[in-house]
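Down below are the structures I want you to see.
After this come two complexes, each holding chain A, first together with chain B and then together with chain C.
Presenting the complex of A and B:
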């Protein structure tokens, strides 16, 4: 290698480094904007909520340190609920019980449904774009609007019951006003609203599965259902973990649908009452922001541990 | 090529800088305590912030109009009108927490004790003349009177409950007059259901404040809850009897009747596909509801073909064996205790609440009733409102149950609703109500 050559390559290297450091600077500036916002509206708010959970406050007067008293309110409520008190005497327990059932219904169903929808959308059939758009449409619609529309559909004399009479004659529940059906109605709306969104994630993952695996399977005589179960699903595992984790986080802190469909008191028998609704009521109806903060921390701990355990169990890199 | 790359870099740097500057600017504007007084004017201008909710665009426009008139009269005061459309009191509380509460704001009677007790309000009676205060109906001032006897808010308007009845359905059922007693109310509802096939009466599932006139008209003591011992209110024989009757209205009128295959004579608005009582009545799905003056403009606006006088009319709330009682709901204008300009705020409150202001904002609007005396016969007063003012009551009970009115109303109503849905028995409901009051005030 000649001297001039060496000089040139060194110069190139320094230029490259310079460029890299400049790029890093740009990146830092751009990231800092979002980080600042996140600090103020995310971390500061979270830290303040944690701090608040040890205080009694009424928004107007000074804060009074009460130690773990706010957390005692939660445990008393839970204890009471376990001992069989009415829903209105143990609201937090009611919210917890409902949200766990809701999550158990919504998360698996929306994940499986999203996967099936994605499998359909991944086919080379005519008008596939139309299906993709129509599946995704609920994801870009406000949940409040969706809930309002579904209240109409779910009415006793509504469209859903009208359709049901052809499938299951005589089965026409009062979805919104019957405590045995309210939570299922809310879950149904949630599934309808989120499956399309997660379908897109699955579709992206499916498109990255190498074609030759399918071809090999086809040569071995595997049909479409077998190919889906034995190739698509295992190859989608990282995406399934991602979708389930996001689904769990979303479902456990559900507020909007319950607020619109059940009302702030959770509707008949408190069947639509959720933990997030209870936190809101505690903060702004009962005017105990300290207790509301303690309840939020409980909810955070629940979401954190559930998602942590899930991720730990299915140790995979999430893309 | 090089040039375009350099340009690209510069552009991204510039964008990043603009973003940072924009955020700093927004943060600076947001965190500024209030608009600073301009330094160029000779007369130093005082700014006050006024917050209210809005009952629609017309109300907002009327307020803007009256604020303009105020600013013309007092050129040294400028008013910034802030409309908080949702969760008003929650927003105001949060703004107190953040130290940026408005100078003048709406205050619902049920929320008044919370603000008064915490010293958040400026005593209006210290700054406004007694003559001005004397113009108001006395019972409307009560919720805003502090423990020290001072007045912390002046009512801007009010509404009361009355019986709305559908004249055509009454005619079809062969009824010639509205019910006068609670027994008649139930009896008429049944007759209407049997004769017309439409439910006679709609009530809310729950609704402690709607039940209250029944209890008081049977001689129950005035409700006030601020101590665990106050739970004994639910032990009063009149309360026990009327609570049972009220819950049974729905149990017998709806649930039992449907079991028998008959038209229910009592329903909730949701049972007839309506959002609230006004909606159920306007759609002519039910013959009677007990609701407030706020229903009058709603009916006029949403159901223009359903005419007052011809198709529907109003009557006093039915009476009990002891008394005739109605509920009153009022909202005041309150002044922030920490306002820097109490005098300017008081002038504004006087202007809005004085006869001129109320003529414009209350009487002409036709949403509610004026809170000062002497406007009953104003030519602009809607005939429906005028008629409601002519009803005679032994007690006009303000919606206020003590320092935790909102929480109490919600919890007792939930228990009532639960009993109306047959989830718990009436005895269990009464016990749960007592327990709720005891617990609410035991912990402090």
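Presenting the complex of A and C:
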């Protein structure tokens, strides 16, 4: 290689390096903004909550170290609840019981419904775009607005009971004011509100399944339902895991719908009371931020364990 | 087993006519290859037979059944896709078992058949593996096993060898033909753009272009007696060289006026070509039938080498006679050639093809 060639290639190399380091700097600046926000509102808040859970505090005076006393409050509450105490004597237990039932209803239903909606939206039929938008609309609407609308719909003389008289004559519960139905009403609203959102995730995953796999199944005698069962569902497994995990996280810390539909006291008999409502009440009504923090950690441990176990068991990448 | 018959079939995608009035008969147990360049409609034709596309016009028969309105799930045809389309979430065993399961075959019988087919194709050791754990050749065998396990009436293959490397392709070409034609004797329709595959595997070849069937015949027929310029140019490696010119007659002899050269046409062709005197025609010569020498010989013409491709056993040379159009000839290895060198060429007088320039149809 001649001297001039060598010089040119070195110059190009240094230019490339300069450009690379400039790109790296720009990337760092952009990332640092998000990282800073995350540090303050995410990691610091989480660490502070953990720290706070060992202290008694009233937001104004000095913080007093109380060891595991705040956690004892939780376990006593749980124990009272297990022993059959009323809602107001064991609010955390009630919140836990309700949220587990709510999660058991909402997560499987919204996942299956989202998958079915995606299967419909994935068909080449006229006006499919309208349906896609209709399904997705609740996802971009405020949960508070949705809850308010549904309070109207769920009223004793509301539209849902009006429709029910055609399907199940004589069945017209007072959804919001009857403790036997309140949690189911909240669950129904949640399912309606989230299925469309998860439908989009499933739709994207469905559209990435190669067409020739469906065609092969078709030629091998599989009709639409069997194609859905044997091809679509198994091939959506990674997305199902993702949706269920997100669903579990969202359901276990549900707050907004319960707050609007049941109120901060959880409605009749605490039927709509959730763990997140209880944490809020501890922090801002009872003014026991230490206990609220301890309960938050309990909730975090619950969400972490459930999602970890689920992912560990089912997260098998098939593609 | 069944005969497949397409009668005047048309398939349009918007304004594009993918299959244009195709009539084709594939006899029972016949190995038919649909051959043509990309976008010629051969895969669409296959998909129409499978039922994956619906014809806009025409009728498709499989055996005695008119299948136009019959769902692909009920046509009893098996297809091997270019990508193999194996189910990635199922083991090889489950993949092969799938069509039997869909046909509600009892579990024990399914097991027996899967093992039988796996042994037949030499993949019994792979039954517990997933498709991603297999090589291209193994995947292809699994796709074949899945297709033959339920003993379909018709076997459709859409470029099944195109994802394999050259060596494996040659091996599988031979094996496929032996398996489907010689051993199983299933009516097979095989789509490819590779004419070597077509020539070596087919009982009959249907050459397609622009949605139409150009010629149907045995491999030897389409090679020896091409119906038109397209078939003549498409079949054969390297492709046939075409010499365009005006046919003229001088002293009871026919000549092709190539501009700078007057090519003397052998007497054999006189009666066939005589009605075309004065018209523009195209003469085709296969490169293997052009003899190239470094010194002039009797009835040879001058040319200049513009490129060459040594293949080891032989060399393809590209030459011109008037500086514009290129022609190809095959020369034996060891011949001393170089770029821009003057050479002399002559044709095998028995192996000339003539076509109408206006329509491309064969005259002789």
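Everything that follows uses one rule, which is that the second predicted complex is superposed on the first by the 294 of 319 C-alpha atoms of A that agree within 3 Å, B and C clash if a C-alpha of one lies under 4 Å from a C-alpha of the other, contacts with A are read in each partner's own complex, and residues count from 1 in each chain.
The working rule: a residue touches a chain if its C-beta (ideal position, glycine included) is under 8 Å from a C-beta of that chain, and two chains touch if they have at least 3 such contacts.
Since we're looking at a predicted model, the values are computed, not measured.
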| message | Quick check on the superposed pair: does A:249 touch chain B, chain C, both, or neither? Answer first, second, both or neither. | response | neither
| task | Determine, under the contact definition given at the top, whether A:66 touches first (chain B), second (chain C), both, or neither. | result | neither
| With the two structures laid over each other on chain A, which partner does A:86 touch: chain B (first), chain C (second), both, or neither? | first
| field | Superposition-derived comparison: chain B or chain C, residues of chain A touched | value | B
| field | chain B versus chain C as contact partner of A:216, first or second or both or neither | value | second
| Touching partner for A:230 - first (chain B), second (chain C), both, neither | second
| message | Just to be sure I read the superposition right, which of the two partners does A:139 touch: chain B = first, chain C = second, or both, or neither? | response | neither
| request: Pick one for A:160: touches chain B only (first), chain C only (second), both, or neither. | output: neither
| query | Across the two complexes, what residues of chain A are contacted by chain B and by chain C? | reply | none
| Interfacial residue positions of chain B with respect to chain A in the complex | 9, 12-13, 16-17, 19-20, 23, 87, 90, 93-94, 96-97, 114-115, 118-120, 270-271, 273, 404, 406-407, 410-411, 413-415, 417-418, 421, 423-424, 428, 432, 435-436
| said: Using the touch definition from the top, list the residues of chain C that touch chain A in their complex. | reply: 50-52, 72-75, 77-79, 81-83, 85, 87-90, 98-99, 102-103, 146, 150
| field | In the complex with chain B, residue positions of chain A that touch it | value | 22, 26, 29-30, 32-33, 36-37, 57-61, 86-89, 155-157, 176-177, 179, 265, 268-270, 281, 284-287, 289
| said: For a test of understanding, state which residues of chain A touch chain C in their complex under the given definition. | reply: 210, 212-213, 215-223, 226, 230-231, 234-235, 237, 318-319
